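In this document, chain identifiers A, B, C, D and E correspond to the written order of the chains, with residue numbering beginning at 1 in each.
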Amino acid sequence: STAGAGSAQVARSQALSCNGTLKIALMAPLTGDAGFLGNEQLSWTKYAVKTLAPKFGLKIKLLAGDTQLDPQIAASLAQKYVADKGVVAVIGPSTSGAVAATSQTLFQAGLAHISPSATRTSLTKGTSRQATPGFFRVIADDGIQGPGDARFMIEKLKVKKVVLIDAQEPYSVGLADATQAYLKSKGVTTIRESVSINQSDFSSIVTKVPNDTDIVFAPFQQPPKAQTLAQQLLEQGKKAKVFGGDGTADADKFNVPGSYVSNFAAPISNFAYNKAIIDGWKKDNPGQSLGVFGPPAYGAVQVALNAIRLACNQGKGQLKDRRDVIRNVKRIRVKNWILGGDFRFSTKTNDPLNGAFYIFQVQPDKTYKLVG
Amino acid sequence: MDNFIQFTVNALTLGSVYALIALGYSLVYGILKLLNFAHGDVFMVGAFIGFGVLQALGGAADPVISIWFVLVLVMLSAMAGCAILGVAIERFAYRPLRNAPRIAPLISALGVSFFLTYSMQLMFGSQQRDYNAFAMANGALFFKGFDIGSVRVPLLRIVIVVSAFVLMILLWLLVTKTRIGKAMRATSYDREAAAMMGIDIDRVIVFAFVLGSALAGAAGVMFALRAPASVTIGFVAGLKGFTAAVIGGIGSIPGAMAGGLILGFAESFTQGYISTRWSDLFVFLILIAFMLLRPQGLFGKADIKKV
Amino acid sequence: MSAAAPLLQLEGINTYYGQIHILQDSSMVVGEGELVCLLGGNASGKSTTLKTILGIVAPRTGRVLLGGEDVTRMPTAHRIRRGLAIVPENRRLFGPMTVLENLEMGAYLRPKADLKEEFERVYTLFPLLYERRSQLAGTLSGGEQQMVAMGRALMSKPKLLLMDEPSMGLAPVLVERSFEIIKQVNDAGVAMLVVEQNANVSLSIADRGYVLSTGRVVLEGKAADLLQNEELRKAYLGR
Amino acid sequence: MSEQRPPESAGTTPAVGKDEWVARLDDNRARRTGLPGVVEERLRNVPWWAWLTLFVAAVAALPIVYDSGYVRRVAFDTVVYMLLALGLNVVVGWGGLLDLGYVAFYGIGAYSYALLSSNQFDVHLPTLVTVPLVVAIGAVVGLLVGLPSRRLSGDYLAIVTLFFFQLFIVVVTNGDHLFGTNVTGGSNGIGGVEADVDPFNLFGRDLVVSTGGIFNVWYLYVALAFFVVVFVLLRFVNHSRIGRAWRSLREDPLAAEMMGMPVNWLKLLAFSFGAAVAALSGTIFAGLNGGVFPTTFAFPLLITVYTMVILGGSGSQAGVVVGAILVNVLLELLRDPGQSRYLFYFLIVVGLLAIFRLSVRLAVVLGGTIVLGFAVHAIASSISDAAVSGASNGGGWLADALRQWVITPSSLGAWAPISYVALVSLVLVLTLLAGWVRIAVLVPTLYLAAFVWENVMLAKPEATRFIVLGAILVAVMIVRPSGLLGEKRVEIV
Amino acid sequence: MGEKLLDLQGVSMAFGGLTVIDGLDLHVDEGEIVSVIGPNGAGKTTLFNLVTGVYEPSAGDIVFAGESIKGLEPHRITRKGIARTFQTLRLFLNMSVRENVMAAAYGHTRAGVFRSMFRTPGQRREEKEIRELAERCLAFFGERLMGYRWDQPAYSLSYANRRRLEIARATATKPRLLLLDEPAAGMNPKETQEITELIGKLRSEGGFTILVIEHDMHVVEGISDRVVALDHGVKIAEGSFEDVATAPQVVEAYLGTGGMARK
């Protein structure tokens, strides 16, 4: 196929001085049903830019783009950042749908896009990869989380019957599918339920949960929803425990004792070296809980700034082309990674090496305890 | 059988909240023929006011005074706050449009809805808030109650259903038995003619907004006692309320109650007995069929066809 | 206010609809207990005058005074409270309410009063309304609706009654009756401003009259004098 | 009978139909005089096609003037909105039918295109076949949806169409489990970066979405061509017996029926026209994005399109186009704190000018506000440095200049909601005041507005965008209830 | 006068328990002007509603030009050649005066969706004809609905002018039978005289057969070939104006004994 006339020129960005202000852009849902998630990421991105840019000797201006959870709007936004010659990297897009819709554009324009939360496996792996080589993510994908959760249920919890509930949006559907497939393959009885993303009363599903069910798997995006589900199970005297995905991993908001949660990281407060970061963030965001989706965004910024610095160094104080950032991303290693351990990318795909998932159980005192 | 009872209990809880919202729609629609799209957002603000008051009084787990008293305060302040909000909306966004084409206030209402949702997001962020009713009185709201067969009907659900019905009955008495109620009816049929009878239509309209918004505030609290609240809950609530109001026959008070309950039952039972995934499909198919058979709604009167 | 102030006074009213200048500097007075009729060809601005008095249309300049009080900027309901009642041009009944309820609405401002007498009066004037008291007003025939509109206006015991073509659409028997009613009501002390096309009859019962033409008051005076006015006869009365 | 002169009366006394108003129109008409009057008169005489040509030329020139994929993309999105608004205008503006399912037809168009030209079922029809086919599908589905609704009117129609919309959403988001087959891709939609959905292919050329990351301008031109065709055809229909019948039906269905118009059929036709236009818009949307996702076809989009139609003036084609442009461009401008800052202060100044003209009062207000600002700033900085040491949002020369005037505390805490609520209340109260009191209140309000804008609202541009949009909707409706270019209308009682 | 154009055979109509038209036989011959009179609520407007298909009679048959039109949809009846005006005016208020009339040409014009969309020459010709027809219909009322009023919205008309516009609109459907419901309501004696003449001219120049409801005896006397008096849905008198107006039932139920109705 040929290109349409009129736009044949390839976007070779002009060189930028690394002493001037460079821009990076966050693409996340900032309004609407998933607005909370984007705003968490925004607050951590802001904080990361503010504290880390000086350390890398960079002046960075952060742009925030609201995808409204609509891939089409994300595509428009991508054009905006492509057109802005000062933008040198993108944090996000947060959601897999948005990544799929924008990766081509961003990559062609030479923009690295590093997502803190897009977990659809097929973005980076498989025969029909949905994202370009310009896409990176700093957390493990659903292909690890789903089977991992399932394995835990089978091996540790010895489950016989599991109810899985998705919320009719890509993230929960993907995760529930992966988990259910694994459970089924191991002979566990599974029951699949599916509720609209707007539903907040689960009473009727709970009524339907058979009494001998061990686990209700709830890969929701919002912790309070998992909380409501767990409470309604108790209310109707069901003994099944809720098992939430990474989206629900917030000890302040989902903490019905006995429930399980899986996450791509241990709570960041588990790592002593995070103390200063956490204190600083809390100072900027008084009264807010740390959140689940924010800290990876901090990590994504860290990777991005690292890569920009490297590219600048190679260009002798100049960023010759935005592509240079893409080239450098995979080389980045971060010690004392905010999510624990050291961070580096896998050599084969644009995923983190040894991306792992952790499973916690809520304790009677409402804290999370690592159980797997 | 147990499941059936349980589904019924679920339906009643859902339905009474829908009905309260529907009433606000119906009241305003009855008088102004306006689909008040901002109504759902008033509901949302109600949930937030309740949250604020609850926190100010020490929170769900250790309130400064008896939790029952706190609950009453939460409810009353949400109702009062929403009433004020409703009056302000009417005064500034709708009243200047009294004589405009019908579609204009509709857009104004959308504007108000945007304004409220995002003002709340601006001020309070977009996280979900949980009243944590679970912790109130050591879980009594969830675990105490009475039993039907082996099904426990918890206190919280009883409180919600009963107070919703009490509010609705009060409203119904107000509208059918009082002079202002009659003025409301007349105003709804012909505003100009009502003014010619000496009815102060501004007051009548404000009154409708006060009632409707207060009920929305109450509904907001009831909702948030059982589910997390965020700035975006207004939309779905509004949609449900509107639907319930139309099913019942928009403008009719018993209609709004019936519509809310029908919707609650439809949701609960299709989820229970048919499929959770396709529940909405069936609910909407049922509703469409219903509308085609009885376009004026359950309690609505067919238009007078007189030429 | 001075006791001598007339019930209703229009001072130099100018009303526009968009670009078109409708009422042009018109002034009128209705005194206590007077029966005044307002005449004029089609589109001469009669209904517009009544609407201006009620506050449904706002004049660009000029004042409306009720009992000496300036009400130009007041909403309709507040004017009604000062003792006005109206039989509007297109009847404006509350269609989905019954005849009885419509009549009750007419007495809205007298919540505590005993309405028996009023009901009786209306029902003797229009016995048909009694038969139809529980029919929805919207389903009545045109003439029946006109009766309800008149009955409704009488329910409020007004000081000043405005009527826009009260006999329109009524059968000849009732036209006669309606003029009798007007006379009766006026004799009971209610001042009236009546718009009527049936100029002969209305002038014969009125005290005074105004004649409008393209929005201007072109003639005014004692009814008896107007009846004799040749020009008026030619212009409006035809034969 | 003659055409211009009234028929001579047959000799009897009353001349048939003398009407003084008609005869003496000029005496009774208040005219705008002077230059504005002349300009108004002249502008009114420019024919519609001249406006259209001018407009299309201007849009077509955009990519030549701006070499930015972003501008092109926004222009493209706007043209799609214009198309959607034109279609909705048929149903709402002309037919008077409150169709809350409109966006579903857009979705049906997009999904049909995606199913007929993608890897989903490995069907790859050529664009020149797909597009007309999808338009036909849209028209037919429109008819079918209209069919059960034809007996309904007003708000009952609205709710049934709303239910239909919800059904569409349910089916599409769960369409990966339709009778055991994956039809619509469920919540993941169809397609993604590997362009599962074929791009448009015209005259043997694939219109690739972007080259080098830059939006392919041909999409803009194709959309524009669609727009012109739709605009002209709809205009013709509106000025025909069918258009008149639609408008009659909007005014009084019963009277229309009695005047020989088949009301039910006309309703269906209006539905079908709207649906066809929406479906057409859907095709180009799907082709461009190389994919379709259920979240696109949601309620907010419906609201956006309605807003465009009514803001611009429902019933007026030019109006709805202007509405589409205003809303979309405004929303884009507001994305960026830097840009929206200019817009904000610009609007305030223009607003003040509109209210006060060039007058002493204007000088008092502006002067008062400026002085007040410096005074507050001086006092605040002398009390505590933290009161003025916050970072400003967005940047730019204006931001730097304002820093000397607006206080920007380093942290606001609870003052953010308090000041915001105070501002909203003050603005509302202002609308009730008049005379010097108003001016006295206006000055602190303006300063508070600047304070809130700089400190609270620009800090959260996403929320601010929609707040501003909401406020503008209310304000415009109050100032011009019939929309910007709409005709004044009365409600029928 | 010619054949029976309209023929009602034993038509009845009831609302709930209330019989409004009771076994009514009534006919209108081609070229005739027939007036219907009767007290308020006699069922006159209901008669019109039955003929135009707003209601379907509960018994009896309605024959127009030799064909039963009972149960047809209103717009089909209109196309067969019956048009009406409304006692409670029903104009297209937000459309211009001219458009109100042009819209009524729908039934006898042909240009379909595609011809309209592509504005074929035939369609353009038809449009021109419609416009001329409309202007002719409006010119019938002299200056009252002409000139600048053509482009004024209908809501800006005064009551009586709205009545006139209703008639103009009805004539634009090119009917054979015209039903006028109280055409002179709201007009003063002089204007009433004018409308009386105009109704005469509608027949002589427009060639319409006319059935009219009217309470003004001047009009009834001036135009009618035949008068039918109804009461409680039953025909109580029929014949020439003089006969009907002096029939005792009519005088008692309708005219009253006072002088003014009889001049």
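Throughout what follows, a residue touches a chain if its C-beta (ideal position, glycine included) is under 8 Å from a C-beta of that chain, and two chains touch if they have at least 3 such contacts.
None of these values were measured; they are calculated from a predicted model.
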Path length in the contact graph (chain A to chain E, fewest steps): 2
Chain occupying the middle, per Cα centroid: D
Result of counting contacting C-beta pairs for B-C and C-E, higher pair: C-E
Remotest chain, chain C as reference, centres from CA atoms: A
Furthest chain, CA centroid comparison against chain E: A
Between chain A and chain B, centroid-to-centroid distance (C-alpha), Å: 36
Gap in Å, rounded to a whole number, between the CA centres of chain D and chain B: 30
Rounded Å distance, chain A centre to chain C centre (Cα mean): 74
Sites on chain C at which at least two other chains make contact: 18, 20, 41, 43-44, 92, 139, 238
Touching two or more other chains - residue numbers and ranges from chain B: 118, 121, 190, 192, 235, 277, 280, 305-307
Multi-partner residues of chain A (at least 2 other chains): 30-32, 35, 168, 194, 196
List of chain E residues in touch with chain D within their complex: 52, 54, 73-75, 78-79, 83-84, 86, 90-95, 99-100, 102-109, 111-113, 116-119, 123, 126-127, 130, 132, 135-136, 139-149, 153, 155, 169-170, 173, 190-191, 193-194, 197-198, 201, 205
Touch list for chain A against partner chain D, complex: 1-12, 30-32, 35, 61, 63-66, 68-72, 75-76, 79-80, 82-84, 97, 100-101, 103-111, 128-132, 168-170, 173-174, 194, 196, 286
In the complex with chain C, residue positions of chain D that touch it: 13-14, 19-21, 24, 28-31, 488, 493
Of all residues in chain E, those that touch chain C in their complex: 15, 38-42, 44-46, 87-89, 144, 156-161, 182, 185-193, 215, 217, 253-256, 258, 260-261
Residues of chain C defined as touching chain B within the complex: 54, 56, 75-78, 80-81, 85-86, 88, 92-97, 101, 104-106, 108-109, 111, 136, 138-139, 152, 156
